[in-house]
Structure formats: structure tokens, C-alpha cells
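What follows is a group of structures, each given as C-alpha cells.
Below, chain A partners chain B and then partners chain C, in two separate complexes.
Showing the complex of A and B:
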């Protein structure tokens, strides 16, 4: 006699034998809401607890406090990994030319030696330095480029898998 | 008596033993091509127009890329939006729990690129590019909604800033991340 399991996960790998290192954890989402946290000069890592370990990729869409023209905000779209200094993405910030209000969008890659992965969009003198999965934590490292405390603003959604 | 199936990946759910729920299950990534050129959206104070995109029931997060028919500046690309969406609370459209961002561009005045986040109470998630003229309809919200005990959708809301009815013009891909 054989009783069929009702658990859906038993079929999801199509009959393949899965080694522990091949396993993929459930996708997780992290809502980021940092609204004026004072950070000191230099690098500051904000840590967000995850439920599962083993995640490999993080997709982060984050905005800062500065308005672009009349809609939306300056921010960054960054893909991070489970290692430090491997993140890459693009960041947009408003033009300083008021009479021609376009925006600038630039690409960054820590893997190729860029120091940061965003423009100064997360507060006065604050850039995003790295997005990293570290065990069961998601880490967003910001850099306060000034010599004094600054207020950090960052809102968005990060999906890790 | 209860027999357990031979586990094909025995280690991965060991921590949950037999108590694994649908919400804890992980889904393989998949892609869904989408388009809508028929949804009529009433102008404010009407609307929003609603477009439900069917997803696998296990879907917990998606990456979406949607483009309009609005040409960007001198190139041939179209204005659009990229974003991520997660589940809202089951069985009700709680938009405050959905958070996402995107970028888009508008040709007439150069290029605008920006981020929107429902976590920061953004009213909308794109520029007014998603109607046939590319001037009036914005993506207002998107979240994963459980619509029955066995069905789930990416629910999108669209707002018409014109003065007459407008028809949605949108093409793209929904990547179900898991």
C-alpha cells in the first residue's frame, strides 16, 4: 500500500535528486522603511532579519527623500548577492538644471571597482554602498560622505531568493 | 498508518517536517507574457481600472516590466515601468502592504527616471504613459492578491488623469520569482 502525500513540495523538482547546495529557499520580501535615522560619518550597515538562509540574490528598489520633477523620487535599483562588494545596479537623480528638468541615471558595479552603487539620493551626502545577503540577514550598507551625522531616508521593497 | 513519500529533496524542508503550509512552499521561477489594450479606465473621480493577471497560486513575489506605446525621446524605446510586488494580506486588497518601485520616462520634456514606493505612500507608480496617446493613464498600484482558496493574481490598478474614458495600452512580462 502506498499513500500519496498531499504536500506540494514533493513534485517541485521534477524528480531530480537535489543536493543541499542546490536547494533554493522560499522567496522572501523585506519592506524597507527608514525615515530619518541619524547615521554617523562613514559606512553604516542597516540589517534586516530574514527567515531563511541560503538566499543568493537580492533585488532592491529603493527611494530617497528627494523629488524628481513633480513625480517620483530619486533612488536606486540594485541587485545584490550573498557576498560583499558584488552588488550592481543603477541610480537616478534629478538634474541640477532647473529649466530643463531631466534626470540622470547611471549604472554602477562594485564588481568592477565602483566605490558605491548609487548617487547621493538617500539623504544629504548619503549614498548606497552595498547590498548583501549575509546568512539570515539582509544588509544595506550606506556611506555618509560628510564629516558629521546625517539623516538617512530609504523606502522600498527588497526581494531575496 | 501514514507513509511518507521518498523525498526528492529531503533536506530542504527538514525544519518544517510535516507542518509545511502553502505559504512556506517555494515555487520555481516562471515568466508570464502579458498585454492589455482593451481595459477602459474612467477619468477621475472614477476608477481605478483594475487588471488582474493570473499567477501560480504559490507565487509570493514578482518582478514586472511593463511598457507603454509612448516613444522615449529620440530613440525607439518605449516609456514604461519596472517594479517588484509582494503579497498583500490574503482575501482583501490592502494596498498599504504592497511596496514597489519603478522608473519611467516621458519624451516631451526629456527623460524622467525615478523611484516610487508604496512603503513611502507614493500615490502612483509610473508616469502618465499607459494609454493610447501616452498622456493620461498611470500605474497606481500592484500587489499579489489571493482571490479564492485556489487562485492568486497580480492585481494592478490604473488611474486616468484625462477628462474622458481612456483605453489602457500596456505590454510586458511578469517574472514570478518564487
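Showing the complex of A and C:
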């Protein structure tokens, strides 16, 4: 007869019959650094690898390249899930990029029929379309609203758990 | 002889000497409140917020400053994410811009931004002197919020209230 030993540390999942991500996927932070990547017209998905699967929610603060009245940059606060087209966000942009010191702010929800979750803040004619956890990947889908290639800029931090 | 029952990996009960916080940070919130610290001209002050655990990998804090610097009755503030790497911090802040104007800005230390917020964390209603959140990082069991007085001439009193959450 084999007697099971006491687990020395709860931080050690070794010997458990389940995987760590079945217990609880550890919180992960993902830094986003896209600095002038050319994207074609239409939807473009940027993929970031996660260490664990099983994450259910993502939240992010993302910064674009356009200055708001020389005191900061326009960007977006977004949340996403492990399903497509469920994301939502707050976003703001200057009314005239880097010139006129007024901002517009909007709230968006893909679940409720909005096409995007951000204003045009990640490059000329570029919005954020969706945030999704897909297995062991974090997917940020941007949309180039123009008919020509544009440069994508996005810096930020995403928390997944 | 008594045989040990198979442990349910989702349960923390029955484990000796190991708290849940030794394993992963239990969700909780902690108050942020300092309305008296005087910061000299150009100086930085580190406000340490005790989180009660050293295993948190990120912290989300919602902070509000004093009354808007243009004299409005509303308050300005910032939403900030901090990790154990100060270079990863990011903020999402608001500032009153006067009549018909309000600003919402996003800041990224990763992108080299000098600060994480607009200049909104001063007690005085003044467009001349002011305090901004410069850095945010998890260090040990604390959330360290570093505020900088952006005035090169005048000392200024910090005014910040809010909530930090982990888990």
C-alpha cells in the first residue's frame, strides 16, 4: 500500500491530479508594444502568446500615438473575454489629431452591436475591433478603416486571468 | 492506519502553514488616502500602500485628485495598472480643461512617458503648481505610488484618495 505524502507547499502543483490551469490559471500580464507596424485595409489580428490556458477575462489600458493637448496621449480602456465579439471599452480621441484641444469620448460594446471598441486612436484610420482570449493566445484585432495601408501604434498592458 | 484523503487542488482547507496568500493573492481592496504630504519643488514622494501579500503580480488602482485645477467642482484622477516591473506601468487619466474642455489621456511607461497621470494630485486649485503620478510598481508587499511635484519653484501638498485592488 502506498501512502500519499503531505504536500510541502501549496505553490507546488506537482503530484496533483489536475493541471495548474484547472485549479486556477495564474494571473498573467502581457505588455503590448506595437510601434509602427504597417497593416492593410480591413481587420488585422495581433497575437500574443500566454503561458496558461483557461483564462476567462482580459482588461487592458492601451495607448495610441496621438497627443491630446500636449498633456498625454489618446487611448482606450477595454475588457475582453474568452469568446469573440464580446469585448467592450471606453475610448477617447482628439477631434482634430494633435491640433485642436478637444476630445470625444465613447463607450462601446460588441455584444450590443457596436462594430468597434475604440475611437480612431491607434494610427490614422485605425480602431480596436475586438479583444479575445483564444486558448493560449491573447488576440487584439484592429481595423484599418481606410482603403490603404496604415501604420499601427499601440502600447499598453493587458491583465488576463 | 489512517490514509490521507486525496487533496482537492481547488481547496485551501486543511493545508498547514500555508495560507492562500502564499499561493496566490486573494482578491481584496485597500484604501489609498494621503492629503497632507508636502512635496518640495521638483521632488518626488513615494507613497507605499500595504497590500497584505507579496505574491500579487499586478494591482489596479483608481485614484482621484483634489478639486479640478481650473476650479470645477468635479474631481480629476487616473486609473493605473502596476506590476512588479516599473517599466510596465500604464495610466488612464482625466483632467479638467476649463470651459467646454475635458481631457482623457493614456500614459505608458513602456513607451517612455515621463509620468502616468495628468497633473491633478495637488490640494491647491492652481494651474501653476501641481503634482502628477510619476511611477507605480509593486515592491514586496506594497504598491508604491511615486508622486512628483512638477513645479520647479513652489512646494505643494499631495491630495490623493482612492482604492487599490488585487486578485
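By our rule, the second predicted complex is superposed on the first by the 131 of 161 C-alpha atoms of A that agree within 3 Å, B and C clash if a C-alpha of one lies under 4 Å from a C-alpha of the other, contacts with A are read in each partner's own complex, and residues count from 1 in each chain.
Simple rule for what comes next: a residue touches a chain if its C-beta (ideal position, glycine included) is under 8 Å from a C-beta of that chain, and two chains touch if they have at least 3 such contacts.
This one's a predicted model, so the numbers in the text were calculated from it and none came from an experiment.
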item: Partner chain(s) touched by A:155 [first = chain B, second = chain C, both, neither]; value: both
item: First, second, both or neither for A:135, with chain B first and chain C second; value: neither
item: Which of chain B and chain C A:31 touches, first, second, both or neither; value: both
item: Which superposed partner A:92 touches (first chain B, second chain C, both, neither); value: both
item: Overlap of chain C and chain B interfaces on chain A (superposed complexes); value: 1, 3-4, 7, 9-10, 13, 16-18, 22-24, 26-29, 31, 33, 59, 61-64, 68-69, 71-77, 92, 101-103, 105, 155-157, 159
item: Touch list for chain C against partner chain A, complex; value: 1, 3-4, 6-7, 9-10, 12, 15-16, 18, 20, 22-25, 57-58, 60, 79, 81, 83, 88-93, 95, 97, 100-108, 110-111, 113, 118-119
item: For the chain B and chain A complex, residues of the former touching the latter; value: 1-5, 7-9, 11-13, 18, 20, 22, 24-29, 58, 60-61, 63, 82-87, 99-104, 109-117, 119-120, 122, 124, 127, 177-178
item: Complex contacts: residues of chain A adjacent to chain C; value: 1, 3-4, 6-7, 9-11, 13, 16-18, 22-24, 26-29, 31, 33, 59, 61-64, 68-69, 71-77, 92, 101-103, 105, 155-157, 159
item: Chain A to chain B touching residues, read off their complex; value: 1-5, 7-10, 12-13, 15-18, 20, 22-29, 31-33, 59, 61-64, 68-69, 71-77, 92, 100-103, 105, 155-157, 159, 161
